[in-house]
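Shown next, in structure tokens, is the structure this report addresses.
Chain IDs A, B, C and D follow the sequence of writing; residue 1 opens each chain.
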Amino acid sequence: MFNEFGKFIKLTTFGESHGLALGGIIDGFPAGLSVNFDEIQKDLDRRKPGQSRIVTQRKEEDKVEFISGIFDGKTTGQSIGFIIKNTNQKSKDYDHNTGVFRPSHADFTYFQKYGIRDYRGGGRTSARETVNWVVAGALAKQLISSIRFHAFVSSIGEITLQKNINELDLNLTESNIVRCPDPKTAEQMIQKIAEIKKDGDTIGGIITCIIKNVPVGLGEPIFDKLSARLAQGMMSINAAKGFEIGSGFAGTQLKGSEHNDIFIQGGKTLTNNSGGVQGGISNGMDIVFKVAFKPVATIMKEQQTIDEKGNVSTIKGKGRHDPCVLPRAVPIVEAIAAFVLADFWLMNKARKI
Amino acid sequence: MFNEFGKFIKLTTFGESHGLALGGIIDGFPAGLSVNFDEIQKDLDRRKPGQSRIVTQRKEEDKVEFISGIFDGKTTGQSIGFIIKNTNQKSKDYDHNTGVFRPSHADFTYFQKYGIRDYRGGGRTSARETVNWVVAGALAKQLISSIRFHAFVSSIGEITLQKNINELDLNLTESNIVRCPDPKTAEQMIQKIAEIKKDGDTIGGIITCIIKNVPVGLGEPIFDKLSARLAQGMMSINAAKGFEIGSGFAGTQLKGSEHNDIFIQGGKTLTNNSGGVQGGISNGMDIVFKVAFKPVATIMKEQQTIDEKGNVSTIKGKGRHDPCVLPRAVPIVEAIAAFVLADFWLMNKARKI
Amino acid sequence: MFNEFGKFIKLTTFGESHGLALGGIIDGFPAGLSVNFDEIQKDLDRRKPGQSRIVTQRKEEDKVEFISGIFDGKTTGQSIGFIIKNTNQKSKDYDHNTGVFRPSHADFTYFQKYGIRDYRGGGRTSARETVNWVVAGALAKQLISSIRFHAFVSSIGEITLQKNINELDLNLTESNIVRCPDPKTAEQMIQKIAEIKKDGDTIGGIITCIIKNVPVGLGEPIFDKLSARLAQGMMSINAAKGFEIGSGFAGTQLKGSEHNDIFIQGGKTLTNNSGGVQGGISNGMDIVFKVAFKPVATIMKEQQTIDEKGNVSTIKGKGRHDPCVLPRAVPIVEAIAAFVLADFWLMNKARKI
Amino acid sequence: MFNEFGKFIKLTTFGESHGLALGGIIDGFPAGLSVNFDEIQKDLDRRKPGQSRIVTQRKEEDKVEFISGIFDGKTTGQSIGFIIKNTNQKSKDYDHNTGVFRPSHADFTYFQKYGIRDYRGGGRTSARETVNWVVAGALAKQLISSIRFHAFVSSIGEITLQKNINELDLNLTESNIVRCPDPKTAEQMIQKIAEIKKDGDTIGGIITCIIKNVPVGLGEPIFDKLSARLAQGMMSINAAKGFEIGSGFAGTQLKGSEHNDIFIQGGKTLTNNSGGVQGGISNGMDIVFKVAFKPVATIMKEQQTIDEKGNVSTIKGKGRHDPCVLPRAVPIVEAIAAFVLADFWLMNKARKI
């Protein structure tokens, strides 16, 4: 019930940051899809650590091995088991972390809740777990291949992409290491992260995601609204602190007459404050949402903290950590979105006679 | 799978705005709780239509009738069935709505998805459904009675509560019809809504919720994080377009050294940018989150739209509608939050030996 | 999680035997079905108490009222809420039952588990709950109307239908009050039950169910096999103590060469020891299974028992009870089977590309 | 939804008979249990192929590797991922099976349903999958270690254990290769299987399971009755065709006055026709149930069958197959039962205040 995501297609995962491997099982995936393994590995490469100078320097190949559910290159309808081995753990870097908790980190809450925690690399609190989501999302993308997912970094700290969504060339997202589709802004962002990193600190930001070519009708009111499921998925990502769709928080300042998306001939709308979702169901317009990421908790500076007995102590981060998760979170956001939409797409086949 | 909310305790609901009644079943609620029916009705009264001049004028008593699962005033552990009758439907007000769709409303998407819709009062797209959630949330509040839920309106359009959370007297929330704990700001908000209403328009806003006295350990990583489940619940509310917890979107601009909540003796933290949740689990600090509500789609002005064939037409709202849902959404936000926390509180009894 | 049955279409129920009403919510039912309300009531009439001299004499009309999810006679895809009022409770008949437990009844276990029980009419332990299942099953039958469900009583005590399945005229099932399709055997069965009833005792029996016109491919290995789900549903019926499909227990004595169903041209099989299910999936042959029902626990004779403190006491049944549940269980078995098959039928729409 | 078993603790599995490996994820297992790995391997050894002359001669070590969720020998509350590698596949043995279907086997239904099947070793239709269940069941046994599980073979073909349950010395079950606790009957059974095997045929049988030391209160009416969940689990086992609990099918011939289990001082009962479950909840008496297994479909004799186009063909089994699955199914039955009881045991912690 806790390590699973999705309803009709469901991903269940396991794995600790410094364990032998991570992996998962995808259940409910329909039979008959010819799998493009290269495309899957591409998304994994976009997420993997050690990919550039502005992310963690842990080196992992993140090669996924599919163990079941795919035969002669096609999905069989049986559960798809997969595994990604860990090859570059440096557990010694965490020895200092055994008796104390990193501020704003899950170290403390996990210990309180379970009475035990695998501290090495953060154990299961680590964002390394998201490698599993990217595998599932990549398969989902292939299932609903006409739907296109475009996530990108729209702000790092106070540096915000100024261009309007319609002015962006989304093909440029992958052209730089911070994954911002505006080269100039990307420059500033990269510079900012590099400074932060040098300072042994971390910085947050916002990812925007645009989903194009969405059919009408995806989403299951009342409690499995497309917007609600996307929110649940995105808020599951490590460091996520906010989610908004369409006009989001800014739209709360508008009046209905200003905010309403007027229908035009054929069913499209003039504006898209709805962000492509109305009443929890996709209306055919682009789905547009944002995810807010706080700055990563582990910093290289010394901080006051407490130990397992509740007494004051200090801690100073060691090892390899991301100064900013945003670039690596872009494929994760796409993966979650794809898995969600694929789930609804499948269920929609049985919602009306 | 679609009309249910919760895992261990689960609420399943039914009901259309102009149907005979709405209602639900609460499954998994533990046996032995002495139910305070007056407290439940109080929360229903806080949500009901016709309560003030700044909400819809539909008059409903919203009296809940419990049909099962409670014996001699105590919960039996059996499923709790309840019903709330509709008494004040004016379906004629929706006759004009049969062949056309309200802009930014679920009319269109429901029709596309299901091929059929109960248009009267918006059918199941109506926020009247939330009356069911308040029943469930009220029961949940009694189960985890030491945990306190304080939701309030923190902004209406551009009018924003300026005070810091710590400066607020949350007891004042119920002292005015807009449910803002600062009397001065409340005044402005009420005035604004009244103007908007007179103009036949609608306005959005933001609700802030503070949950106090939260035990450590609630939440189920990886995919049932407390923050993710709250997001899913809140984003299920009609008109919700955004969710953020703790420092939310603003916190993305901070550095880790600025954002981290330093632990102090005993386990509390100096600041609370985490909003009471770390790694998806409550850490004992107040849980603080916000929900953004767009302006209600149904306005009394004429708008361009399309009909069921996709051809351009016009529509002008009739009947009784909320110019602003925020005041009535306050008890709904509390209800969802309470149900979520009660669910995790119950499950936590079985997470460690 | 406990009062729900089904996955894609799901029935959640509530209601105690002597409460105000019973009812349920059907979620996931597709939109667009024109509902035949008379057919639903027919199945309810087949199940209702007071229908003949060999069942309980409690008189209930068991009229179902649909409250939501059906508009202009068609399902809308929204949750279907329904209710059946209780009109003929005689709670005084249970006063003697307050402090003691009926042997072989759920009185004891419910009290131990929950610490509280609604003793009137057996509360939620009562088979009256099955009225809800018949509503859901009746709707399911209409969804998959080409599939035909034929349950009948094949034995009462030691009286067993001797005819081979192929020799039966299943249309005769409804021609007598014990629902056995062989008039001669039915005579003996009715006589037996009448004697038992006069003696203040009860008797058990077996129901056989044949499902005709089943498409190939229904069932979801590995853990949601058609046979497993049917077993779970049937074993949920009050007094059910056994389930077997195809050759069942008798088939364990055969060798593979004797037991195997040989395929003939086109995909049918020569024999049907599989009972229409192979590897958990329907193979197109008739599904044939049996459900064993123990004699009802409440008898009119005096029995030794214990009270709530664990001390020895006595109890003697009062009120109106079934001497034999088999005749009334026939439509219940069909209802469960129909709901199960409809669930798999819907899910099958999304299992291959 | 399909490859998962359990509610609070949940096992999700993957793996084909001739794939790289099988494995699974156990989610919801509480933190803090010191794991005895040897005990787990013992149960796996009881299930593994090649263990004696009356089972399949495929040689597999079936060594389980735990990849996550266990740290310093203790469960952490995080998902437990495990894997069992296949080392002795002989896929050539199945080349003849590519275009044709084995009678009474899942070959046909899988191909119809999915349009594709991994034919090697039967793919996911193979009972090899049950190795995963034994891992989960073994962990469950350790969680509820005071509850004892005793499954044994009570009949092979027409050879039936004549002794009464109370007369059995259950410690003798493991003393012979057919796992029958009566040495004399075991002899006959072994002889019978050897003959059948020599003849290239297969035979079925029945397993009885006794669960001792069961606390009162396990099971979740209405739809998650202990008896119903056990039935669902047992009927998931390959070749299972029937399930009965307590007096089962035989009890249907008794009258209530003969069948009722009279309560004696303290809460125990004089007889145990209920098989330890009343109203779907355990009553503290031993749980006693039986599972019927048909003869394995794959025989070494030639049989008529059809090919993928539906045309008549022939097939003759090759490779290593079980002449009788009963001996190896004994630990599987225990595993399922343990996992079910552990699930209810955990959930019971939150069912009353």
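Following the convention adopted for this analysis, contacts are C-beta pairs under 8 Å (C-beta built on N, C-alpha and C of every residue); 3 or more make two chains touch, one makes a residue touch a chain.
The shown structure was predicted, so the numbers you read here are calculated from the model rather than taken from an experiment.
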Angular offset of subunit C relative to subunit D [C-alpha, multiple of 5 degrees]: 180
Of all other chains, the one whose Cα centre sits farthest from subunit A: C
Distance from subunit D to subunit C - Cα centre to Cα centre, in angstrom: 26
CA centroid of subunit B to CA centroid of subunit D, Å: 46
Centre-to-centre distance between subunit C and subunit B (centres being mean Cα positions), rounded to whole Å: 39
Per-residue multi-chain contacts in subunit C, two or more chains: 1-4, 7-8, 13, 31-32, 77-79, 113-116, 124, 221-222, 351-352
Residues of subunit D defined as touching subunit B within the complex: 8, 30-33, 77-79, 143, 221-222, 346-347, 349-353
Interface residues, subunit D side, partner subunit A - complex: 1-4, 7-8, 10, 12-16, 19-25, 27-28, 31-32, 65, 67-69, 71-72, 74, 76-81, 83, 113-118, 123-124
Residue numbers on subunit A that touch subunit B, as the complex places them: 1-5, 7, 13, 101, 103-110, 112-116, 124-125, 129, 155, 157-158, 196, 201-206, 216-217, 219-225, 227-229, 231-236, 238, 240-249, 251-267, 269, 273-275, 278-283, 290, 292-299, 301, 303-306, 310-312, 348, 351-352
